[in-house]
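Consider the two complexes below, in which subunit A is the common component and subunit B and subunit C are the respective partners.
Coming up: the complex of A and B.
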């Protein structure tokens, strides 16, 4: 049966295509008599399209084009710009802070992937198996609706390095600490990952919960009949069913963490001693770190390098996981 | 179909007539507006910092009205403004700065050299008191071509601010603050041990403040961060005094444990911590008391300020800085002339004109704002003393608690901030300070070598 079905399916598809073909051909003469895109329709289509084109053009495509142009220029945006070729890219690559920023960003992305990626999945699986999941999902989503700056200010009090800080007080009850959290080169970056995971996990939990509702109960029942426990159900039913969603959320998380800016900017400004300097923060520093006017050429050059890297990475990722996501 | 076509034609005709009429009306209106505006020059000016009190805002509006009355051909639009590096850079690039704004001493010359400030030379030199400006101070607003691109409005010297209450609790005499760095270290240890507060705290944020304060310490030990001027200046961040200053911080942080637990203070943060009684001593500008009152609600009784301890060295000096008023480069000749009139009226007259000085002080005093905060003269010392006598009845700061500073500052050698790429030099030093305060094994010579290279690159590029 397994071999016959695809063959039959292929036959049906071929017949279906043949049946459609004459219909398509027969529509052509009608199309000649009455143009498929009369000017009136074209104008109204254009009228509807123009605002969107104008908005995209002004706020999306034009800045992209300007970014490419500025990456090849030296400009302070006050005096006329001068063309410098690829000098800005060379400046960025030879900047001693560049490898530090890349390393920190990679470390942040890796830590977020190792610790932050499984947590929403586990939370969603647990929530989906309990009653009143609405309350739990609302609680999980709560950090997402808190304004990021407020969340960071809140966590700053948690991370207070003195013995009166929230975390240090709690740890003090069991004789630990006080720990310097954001004040130490070793713990600053993991501290940012922790807050970032708390702040962003809720949105992913909701995505997983929505995806889990599409998993048929019959699969779980069949697994139960086969004697599968909770872990085996998750491994053999839940994860394969969520495969497509998991792959998408993973690439989105990698892209998001590669562009991490808010946490290092608001918590540590990249310190201590550049321990939390990320690529996006370096871009910001190039552009706005100097009150005499930024190095906008270097900022745009690094922006393009990051965009290029993420584009290539995404393509490789999608190609590498194509068989998994479509299987 | 025909009637539909006629209707369409009629609509088109109507729309055309309406459009032409609108254009005509618009053109006439614009023409009238242009003829009116040709008589009046409108400028926007930096007013107060965001969040200022209603009384202060009303007072500023009253000054604007008075200026407009005296200058009917000038219309002034006030814009809230606070200089911070990132916001200034963004506004400068976007061209959204007001016509008149303020910049620190560190930036005016470079901005002028980069063509980012308007040339004010002829208008400023025409001011009757131009020759009274302290030459070292007016030089801060003069670019390398000799053009005046900014006008000094205030000057300060770095000072050691201390909490008199914590001094008393630690068994120290608040009327005898430390006069050497060794005493600072000893007092900090005592304060830390007896009160639990940070005996001595230092700005350690990655926003150039860490480098600014380290440079102050280095100056006080006799070191300098660069030699020469302009793009040919040589960075000397790794001088022996910088190593000494960093070792001093390292001892206080890791051996004496007298610097508390927060090593990432920015300018505002450390002011708040100090006003909240969490810091025994810290270094900042002599005029910081204004912010301590306005933004941190300090109890005046705890405040004390003294001069920065200087090493016994001929080159030891106190770092000085200040603020200048400047005009955006796109301003027209008429706008520049109006802007300089405003700068004269708002910033300079209270320093050279008795009536204006008294009026300012009275208003500030009535709105419970500090009057008489220690500063440095932007004109000569005699003019400064004279202006202080004018406002004496309105001085409301704890003058006696400021005597250790006010009685000693004029005998100290004042040293300007590094001339070339000042903010970049500070920025290069930020991670060095952070490393020393957060890593017990920080390799000071290696860190300084890297910082020196970064600073030298910035100097060469003029950034």
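Coming up: the complex of A and C.
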């Protein structure tokens, strides 16, 4: 065990040095050789930038600024907006549904990590040992191309709580169930996570597969020469080589699951008894759930709080794992 | 020229034929390893077929099974024959044909807008390189860090009460097409791809008297077919999958895409017809995926982005 690591890392270092060299050589003169095209033709440059500036200005930069303004205002789109300071934020925080939504979202994210994080990794490592893996990756990715609405509504049919529901029938063959799935407060949220994992795991598998093909063969050969078996190679070469990707997919998955909307909206509308009410569903309900007119202030305030939390969380996460990801 | 060392390296690393990879020949000579690997591969393949594809196969089967059979015996195969009428009923009686067409119109408009914005911006930032390119790239990158949910409410308000133009864009496809173009990720992807194109060709073109517009249409665009394929595939797929935004801005049922209509169809029709409608709506992405597999499978590796 201990003998493999120094050799492997030495190989890695020499190889890295060899790889970096040509890249460094070629990128420096390239950067210097870059003139504006053709020099001085500012007008045609602007013409090329115009579509992007217009679209991003109207549909990205302006709305971002507008969110901050709206969160400090009271707006109902009919009367002119009034400034209310941080009243929207305190409305949200004192809403009895707020802690429930936060708890459910955290639970969803955590369950999604438990279900969805190890499976794609194991599948990708096994797949990478298959010579012709095209069919495997195609099968794994297929659920990802299914429209999420179809996936959710299809699984809603599967989750039919009667004994002739699809899942209950299958589980009945081995003497289990019937389970209430979406209709019980205990099983509703895990059921949502299960569907979400099915729908999204394939994309993660493909990311891992791409990262696995980038692991250099020389590391494996060096480990083999040192007498490492298959398990030791997975443990001492494959996983350490993947850790950068593993850390990124984890934070991206957390950011993604913190914004889960479609599953609770279509499966359960947040029920039963708010057991699947998530932060995004609460935002939606504030803004669009009330037919009398939305509380846009509260909705934007909550969305800013979520975005702020995710930003701080990501920063702390990256800081905490920095030494580990790039050693 | 410049892209070469990278390309050669990538090929050598990924080609299983000339390297050993995780499993070496020596490993394979050990019977335990061979058996273990064989079992692992079989289990994985079976798992992928049953769990990954099984639900889709069930949907295909149930789309042509009479509703009563699906309700009482969901797992048996055609106990009382097939009901192809589900498909025709869904297409005509439930108007799936119309929603299908709406979905296509929305997807093509969103795709066009994304391609125009990404290619022109990428060209300007990577090839033309104005002095303020850094500032614009910075502004673009910041939008990558803003979760989509932050934009939802202000965008909706902007569509209902747009500034300057005093005309609501609710129920207009422009309300979907134009915001779709604001994808910083596409622009970054394009810029990075253009960065790797050999500058020598641009220089040669300039010496031959090629202006920036000719350079864009006759040289840069034809050279970027691979990245255009990836961006197109993901633009079309994302539009086909979108639900919340079209739900908010398209209130007229006759204009809504399939994804928005499906929950309503579920409430109004019998199960068999509804499942047939769902089957129709995932047919296009599945067939597209099978044809353009390469672009699909290259995308997530490029992006490193996943949705939860």
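Quick note on the criterion: the second predicted complex is superposed on the first by the 283 of 327 C-alpha atoms of A that agree within 3 Å, B and C clash if a C-alpha of one lies under 4 Å from a C-alpha of the other, contacts with A are read in each partner's own complex, and residues count from 1 in each chain.
The working rule: contacts are C-beta pairs under 8 Å (C-beta built on N, C-alpha and C of every residue); 3 or more make two chains touch, one makes a residue touch a chain.
Note that this is a predicted model, so its numbers are computed, not measured.
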item: Subunit B versus subunit C as contact partner of A:150, first or second or both or neither; value: second
item: Contacts of A:62 with subunit B and subunit C, given as first, second, both or neither; value: second
item: Which of subunit B and subunit C A:251 touches, first, second, both or neither; value: neither
item: Touched partner set for A:183, first subunit B, second subunit C, both or neither; value: first
item: Contacts of A:70 with subunit B and subunit C, given as first, second, both or neither; value: second
item: Partner chain in contact with A:288 - subunit B first, subunit C second, else both or neither; value: both
item: Winner by number of subunit A residues touched, once subunit B and subunit C are compared; value: C
item: Contacts of A:271 with subunit B and subunit C, given as first, second, both or neither; value: first
item: Partner chain in contact with A:84 - subunit B first, subunit C second, else both or neither; value: neither
item: First (subunit B), second (subunit C), both or neither touched by A:106; value: neither
item: Intersection of subunit A interface sets (partners subunit B, subunit C); value: 77, 160, 284, 287-288, 294, 296
item: List of subunit A residues in touch with subunit B within their complex; value: 76-79, 96, 160-163, 178, 180, 182-185, 268-275, 284, 287-296
item: Subunit B residues touching subunit A - in the complex, by the definition given at the top; value: 83, 85-86, 88-90, 92-95, 103, 106-107, 110-111, 114-116, 204-207, 260-264, 329, 423-424, 427, 430-432, 434-435, 437-439, 442, 450, 453-454, 463
item: Touching residues (chain side subunit C, partner subunit A) in the complex; value: 2, 5-6, 9-10, 13-14, 16, 19-24, 26-27, 33, 36-37, 40-41, 44-45, 47-49, 51-53, 55-56, 58-59, 71-75, 113, 116-118, 120-121, 123-125, 127-131, 136, 139-140, 143, 145-158, 160-161, 178-179, 181-182, 184, 187, 199, 202, 206, 211-213, 215-216, 237, 240-241, 243-244, 248, 258-260, 262-263, 266, 271, 275, 278, 281-282, 285-286, 288-290, 293, 296-297, 300-301, 304-308
item: List of subunit A residues in touch with subunit C within their complex; value: 19, 22-23, 26, 30, 33-38, 41-42, 44-46, 48-53, 55-56, 58-64, 66-67, 70, 75, 77, 109, 112, 123, 125-131, 134-143, 145-151, 153-155, 157-158, 160, 164-166, 169-170, 196, 198, 200, 202-204, 206-207, 209-217, 220-221, 224, 229-230, 233-234, 237-238, 245, 248-249, 252-262, 266, 280, 283-284, 287-288, 294, 296, 299-300, 303-304, 306-307, 310-311
